[in-house]
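So, here come the structures, one by one.
Next, two complexes with subunit A in common: one pairs it with subunit B, the other with subunit C.
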Partner chain A sequence: MSDGRNLSERTPMFAKGNLVAGAKDLMLRNIAVTGLLALIIISTFLSPYFLTVDNIFNVLRQWTMVGLIAIGLTYVIISGGIDLSGGAVLALATVVGALAAPIVGSAGMIAVVILVGAVCGYINGALITWGKVPPFVATLGMMTAARGLALILSEGRTLTADLAPEFVFAFGRGYLGPIPMPVLLTGIVFITAAVVLKYTVYGRHVCLVGDNPVGAHRSGIQVEGVIRSVYTLHGVLAAMAGLLFLGRLGVGEPTGGMLFELSGIAAVVIGGTPFVGGVGSILLTFVGLMVIGLTYNILNLLSVSPYAQDFARGVIIVVAVMFSIRREAKSRARR
Partner chain B sequence: MTPLLKLNKICKSFGAVRALSDIDFELHESEVLALAGDNGAGKSTLIKIISGAQPADSGQIFFEGREVTVRKPEDARQLGIETVYQDLALFDDSNVAENIFAGRESVRNILGAKFLKAEEMHSRSKALLKSLNIHIQSTQFTVKGMSGGQRQSVAIARAVAFGRKVVILDEPTAALGVPEQEKVLSLIKDLRSRGFSIILISHNLHHIFEVCDRIHVLRQGQTAGVRKKAETDPDDIVKLITGGNLVAH
Partner chain C sequence: MTCRQMFRIAMLAGTVFAAPVAASAQQVEIGIAQPNLEHPYRVGGIERAKDWGAEHPDVKLTIVDGRRDSATQLSGVEDLITRHISAVVLSPNDSKALAPIADAAKRANVPLIIFDRKLDVPETDFAAFIGSDNIEMGRVAARFVIEKIGEEGKVIQLEGTPGASATVDRKQGFEEEMAKHPGITVVSYVGHYRLQEAVAAMEDAVTAHRDVKAVFAHNDTMAMGAAQVLEEQRLEGVATVGMDGAKEGCEGVASGRLTGSVYYPTMFPESLDLAMKVLAGETVEKMTFLDTPMITKETHDTYCK
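What follows is the complex of A and B.
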């Protein structure tokens, strides 16, 4: 019998129906969710500091920048591409922001920084659609070039930014009740991105383009326009991560955001979004992000050496992807 | 009676190769026309010209008596001509309703954003499949797991979903099991009875003779002959395809 294995069925939590049964089903089918729950339960026993409001919000705040890049990456990967330039675009955005802040003020700086991200992302998309450069190569070029440009503009130094206190509050150090402002902001972006992906025509077209670009073109979808738009979105989100960096640290840092793109990719694949494109979920990317974040956190709380932490993360990524592919294969065999 | 679709002296070359020369072609209303011919006879080129995938070098196209220009797929689609390609017709990871509505989703505007009307698309898909006697358990299923016949049925349903008049089917029965072939053929007959005009490309003479009203045979880029089914037989068609008296009795 044919069984539906689109994401809404693999993860019925997002479909309608009994929430409890849905959550149970989701746990059984998705290794990332199961892993996250196991991680939380084990960690709670291992450290008394783990399940505290302060600690959880700390972890959430630490991973806001990678989280924003991972949202962009989810769209890019669903569309059948990849983007390696997130960390470098973040760094370039902070440097440009620090240079622009004294001239245009903090509000103007936000616009300038977002524009930098949009331009970088659009160039990626243009290279891929018009230049016919494979996404891996185009964004590898952008990664190197953006980092280089950040170093040129800052002359290799860390730039102290002259920022309005309101900006620092909103993007860096402020709190709304117990919630740090960056977490609130990133949370809003996560929810918006999830809704757009699942419930709007744009999100649907991103999936169709990743699933079957030729078919999408024949169906009248502007395939190349959709591709340029997802890379632009990724650039904008990486620049937004740059704003959080500026707000938190108050500096433009040409070596900032190093390897954030790889953590972002790890979050997406641990969440179970396949590399081939066509399907994916923002909520599962969040789950993947938390698997990484909480693993780091519990290893820190237990004072494990940072070298061992990197080793552990590498193992987790591979094991998680291995399991999710197994599951996929099993559900295919059952058919 | 004016033909629904009429092509007049269509020519197409690829460099030095003359793919089609002076093709005249007619398709009537509520008719199944088979396009037959050997590999390289020009069937695909002719279909691409009608569906707008490749413009013709010269010649005229008339639709419902009016002369029209068909230079891109959008032009053909606007006239009501839809093509079901042999491959790449469907989106594997998307469900049945998403496939049927791909590229023309029902939407509602909320604050300038176009939100999908998922329930409406599912219920309309269900109604469409029911009216075509296509049995698929749920429009929520992705097409990845479906049989070849079910996939072909969804592709055809998608083609006729939006008030199309002409449906071009490229080898719809290739790679299907025998019972599934029969289902697709009966779907084609059903479409004709609903007033659709169908251009069927097939290598299978049994299928051609089972469902077609007329047969247009191409050979080396030229029309080898056009026959009404009642006035011909498979041997005759084979002779037209091969260009000789190869079938000896």
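What follows is the complex of A and C.
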């Protein structure tokens, strides 16, 4: 990946120039954006219910939890790693939250849950940097262990959480105008994460660590510290997703968030972030997330047989990634 | 009357005071092998088994967790048979993979009582089977829905994990019965027996089908999720029917969020009573099928305790 081009050349999202040309460039070179637009246009024709404010906000709210995990995953994958523990940490967070809420109140519960997520993420980072465990294996272990811990703490049951109405409003069922609160919160996190990745020194360090760890180290960057920080961030975001789960559904579910990490990874790769790290875009991860979310939605709205849906989703994910990789290769060949 | 009361008090006192002492004096030990201990249905069964155990201080119950893995469950039960436990009450993780256990039990002369899921062996190889019929449950649910909404309308079906035997059977029974009513349209979505997935599927379902008259979910968790969505979207008068009737379903029916739930017996304490009869040398029915009645507001007190 170290072919000397900077990010603004590699990811069209950041290309300078006038807006129209930029948009055209974006459409042509990024299959995810084109695919999303095509999906929206086709779906609008297929179902009269699709392009309604209610439906779009439903879809956005359904995918807030996977979205938060996908943000964490974008950072992790850009840094050259992978994290499989998102769904399990989410489940652990909901269980801990449901247990903690009656004891420490809702504000304290938020703190405890975020701390649990941070600890899980930090352990992943520590295993990878100090323990020299490959990220896939370390986070696979965390995935299994966190879900096990969630089952132990809940004794295998779904726990009904005793939550303050303010918490339920802010994290789950409330609205600000037409916008559901979880969508608003997740939107803020998306924008913050995008700005941090693109405009801060820390964000640049994450990219450099993924692109060229040796160079990063020689230029004085704490490579291992950056790696631990991205896994911790991922853990915190997965725990935040757990808070949204609690707010919306009102229960701690040890089997909740099953396979969310895989949907998150799919969103990241459809958004064009390569597995080898070094580059990537939070906004394109959002586009990838919506490609998956709207695919689920339109198949549901059309009442397609549930079994055919899984098949269709699998095909769409693979085709989307195949095209985004081809585009990448072609654009490189042109240079 | 006084005699019985005295006996009860003595029993209670016995449970409280003699429990640690009794451990050494026990002769009967029954092993309970569940395929996993994380599903609410399994957890509920174990809780009822423990209640039964408290009433029978002379019987020791040993619980074996299969951890959703046939090999783990197989070796766990083999260990019980090796130490010549009095009887084994087993719900196999997989009907074929656990089949060798029947032979081992027979050779060691340990009576084997199968519950909930079948074991793929000849009837002579186990002492008794106790279970319920998931296909019949689907039919019961369908009949209840018809009773509530009449002969015409749209019904949303929230299916469990595709391919699981309970899903296949419940779907089959429901759809077979519904096919007899041409005015009814069934639209299916998958909720994987989980809350979050069910809520998401239901949101999409009611967006496309605002004229829905009833929701039938393959378990109570999903039915409760559907009820939440209906509430949020202010869709009133939609019948919500779940399945299993464990704690969740009972609470749902009691609070009025579920119109009904098809009761699926936990098989406890019935399977343990069956084991005791076998151990006492009584002849028992080879195949017992427990009823799967509808839990509604009216019948709630009978089935929910």
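As a working rule, the second predicted complex is superposed on the first by the 319 of 335 C-alpha atoms of A that agree within 3 Å, B and C clash if a C-alpha of one lies under 4 Å from a C-alpha of the other, contacts with A are read in each partner's own complex, and residues count from 1 in each chain.
The rule is short, and it goes like this: a contact is a pair of C-beta atoms (placed from the backbone, for glycine too) under 8 Å apart; a residue touches a chain by one contact, two chains touch by 3 or more.
Everything quoted here is computed from the prediction, not taken from an experiment.
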Given the touch rule stated above, what does A:204 touch, subunit B (first), subunit C (second), both, or neither? first
Touching partner for A:34 - first (subunit B), second (subunit C), both, neither: neither
For A:278, decide between first (touching subunit B), second (touching subunit C), both and neither. first
One more residue to check, A:307. First (subunit B), second (subunit C), both or neither? second
Just to be sure I read the superposition right, which of the two partners does A:129 touch: subunit B = first, subunit C = second, or both, or neither? neither
Could you say whether A:221 touches subunit B, subunit C, both of them, or neither, answering first, second, both or neither? first
Can you list the residues of subunit A that meet both subunit B and subunit C? none
Touching residues of subunit C toward subunit A in the complex: what are they? 37-40, 42-43, 159, 162, 187-190, 192, 194-196, 199-201, 203-205, 207-209, 221, 225, 228, 232, 248
In the complex formed with subunit C, which residues of subunit A make contact? 47, 49, 52, 54-55, 58, 62, 65, 151, 155-158, 173, 245, 248-249, 251, 253-258, 296-297, 300-303, 305-307, 309-310
Residues of subunit A defined as touching subunit B within the complex: 1-6, 8-9, 196, 199-202, 204-205, 207-208, 211-212, 214-216, 218-221, 278-279, 332, 335
Subunit B contacts subunit A in the complex at 73-74, 77, 83, 85, 88-95, 98, 102-105, 107, 113-116, 118, 137-138, 140-142, 144-147, 150
